[in-house]
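Please find the structures below.
Next, two complexes with chain A in common: one pairs it with chain B, the other with chain C.
Showing the complex of A and B:
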């Protein structure tokens, strides 16, 4: 599958889905006017990728400074097939990065983490300044 | 004169320019004839005083291009002709004088030779002896006459006619006949030679000079004309054509390489013209783009005004759906409300109502903001109204469950096929003053309390209300269920229900760009806990803005602060 790379805007995150290496990244902020329109194609690609019989480990990295509730829903939708794949024995790691002291994002990560039982969900505190 | 005939008089704008062709009536095409053949005509204009499109053409056309050669000829030729003629006349004059001098010398020589030949003391007595000598003079083709006189002045011999007076055509040579032995001359001799040949020569020279001048003139005219035409007129015509094209905003440039060779100056003019055309073209394009841009901008401004008007109207509707902020006055509660949609209208909603003995306080954050969010708030408002008044529910947990069901039914998320993936977070409190008890249930919204013990946050259910339940069971395919939390209230206890728009303030703190979060908001509320609720909310708003700095707000904001009073 072709790698998906989308540059960040002030309202949507940077996307880098490298299917070949099994590395997925979302970073920046996410509050697009229409979250379904932005995340829909990504979810579709992810599902297609997971449906193909491959077994290399998957690392899905999320480093969002802010996301609105629609984006949270969309993230949930992205995570569900990953958890399902992990349930089927695939090595899946979610890396949830949050800035030191950002309890909102950390809390959201904890909320997401509680939904996973098969995939590994790492909460990673970062301390480097973004700006 | 009738009106019709008056109308037939051509307007000056379209009247053909009057030109005199007296000099070269049937001559070659004029510059403007050429342009007419090339398909250019003047654009008539009805309104006088306005600059007509052909203004440039007027000046360029009025001056006949061919008259340039004519003017050059008239200015230069007389000078050349006068110089040539003067030179020829000078040469002729010198030649004539030289010839005249030679003739005179010849006449003198002949006369002297003849006089010496007949110089004898007695020559006049025997004219027969010397007659042959004198007759020899008649052999000269220019001979006219000869006269010989003796010492006394008596005519001895006469040949030919001697015209009376002086004549230009006659050269006279007189000499005395002297004998060495005698002191006095023994006679005199006068010879007349004709200068007619000289005059003939002079005439011939004059005719030659005139002819040469004429030939020179002809050659000059032809050369001048050919060169002006080739090196000046042809490139100028191309320039004119290009200018006319440019007048009609067809951006054509002039390329003089190839067929037409231009003199250096015209080359320079042509490049300057091309640069000008390029400048005009880009200027015109820029102007057109600017016009289009202005048009688009005006349309956008129009569309924006329409949308803003429409949204302004929508805001009136939404605010009229919201309760009076003083709805709980007299119910034993101090209440302060902050409701600030991101875009005039929004997905945040609150409800305040006194129902019999209890007061209901609701804060909801529907998915989306702006107009889409506002739509959901109307559904929530209707559903809540039915739950509270028709079904008469008073338990926060039951109310939320009912709300969940009704919203899903309304948005057809209950399996009847719907595109809606919408829902809401909701926090709901019921204050029972008689029991001094506050009960709370939340779905995605927590209750923040500030009591003597400090600040606590009672989280509701993680999951929101609404949203279709298809798919994973983790999302909960079943009805929304939660527990009601009941709190005993002490005097001074203050409670806050807020949407995530309050806590999700992006800002930079300690070099790190991150959200303010619940902790940040709680800190602000704790710092200002001694203020009245109204001022405290103002303080909060100010501090939130300060934290954001240059960042924009991300979401609608709603916060309701309430503090039970009269708790003796």
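Showing the complex of A and C:
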């Protein structure tokens, strides 16, 4: 599958879905005008990728400074098929990055983490200052 | 007279701790611009970063609720929520050292009934219950007629430091005025 790379805007995250290496990244801020339109194609691609019989480990990295409730919903939609894939034996790691001191994002990560039992969910504190 | 009237309008706003107020047609672009100045204002005022994030988050959810669910819309959006322009009011201020965000917009009376039920339910929950409810809703498909995740109101309640205040006012005909105030 072709790699998906989308640059960040002021209100939508940078996207890098590198299917060949199993590395996925979302970073920046996320409150797009239409979250379904932004995340829908990404979810579609992820599903197609997971349906193919591949076995390389998946690392899905999320580093968002802010996301609105529609984006939270979209993230959950991306996480659910990943957890399912992990349940079927695929090695899946979610890396949830948050800036030191950012309770909101750390707490959101904990919320998501509790929904995973097969995939590994790492909360990763970074020291990078907020801009 | 004109300048004097406006001076007293501004002074009243300031006295009431209002730092941002908008009334009229709201679009996603307007939301974004208001959000940017709100962020700057809070940075300048050295607002605690966690508080600033909560204020911003509640502001975005309330503004998007107006854009998506106000009954007073400019026609023309072909693929909602993209391109929607809807009338409403949104005010951010500080009252006794606490930030508040209040929004107001017209809603169809039929929506008002459902909205009141949902808000009664949400306002009665403890923070632990809100957290659980949020996580539960996050996993479910959105409610019928929702243009987002059906979790905006829960998000607002979770980021608030007190139960959300809300009120409805019958406008006659098919509509009610809806107001929601959240303290951070």
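The criterion applied here is as follows: the second predicted complex is superposed on the first by the 129 of 131 C-alpha atoms of A that agree within 3 Å, B and C clash if a C-alpha of one lies under 4 Å from a C-alpha of the other, contacts with A are read in each partner's own complex, and residues count from 1 in each chain.
Everything that follows uses one rule, which is that a contact is a pair of C-beta atoms (placed from the backbone, for glycine too) under 8 Å apart; a residue touches a chain by one contact, two chains touch by 3 or more.
None of the values given here were measured: they were computed from a predicted structure.
Applying the stated contact rule after C-alpha superposition, one finds that A:101 touches each of chain B and chain C.
In the superposition on chain A, contact of A:70 is made with both chain B and chain C. Within the superposed three-chain model, A:115 lies in touch with chain B and with chain C [touch as defined at top].
Contact with chain C, but none with chain B, is seen for A:37 once the two complexes are overlaid on the shared chain. Residues common to the contacts of chain A with chain B and with chain C across the two structures: 31, 66, 68-70, 73, 76, 80, 101-104, 111, 115, 130.
Contact residues on chain B toward chain A in their complex (touch as defined above): 365, 367-368, 421, 425, 444, 462, 464, 467, 471-472, 474-475, 500, 503-504, 506, 508-519, 554-555. Listing the residues of chain A that touch chain B in their complex gives 29, 31, 36, 65-66, 68-70, 73, 76, 80, 99-105, 111, 115, 127, 129-131. For chain A in complex with chain C, the touching residues are 10-11, 31, 33-35, 37, 66, 68-70, 72-74, 76, 80, 101-104, 111, 114-115, 130. Against chain A, in their complex, chain C makes its touches with residues 28, 32, 49-50, 53-54, 56-57, 60-61, 64, 79, 81-82, 131, 134-135, 138-139, 142, 148-152, 154-155.
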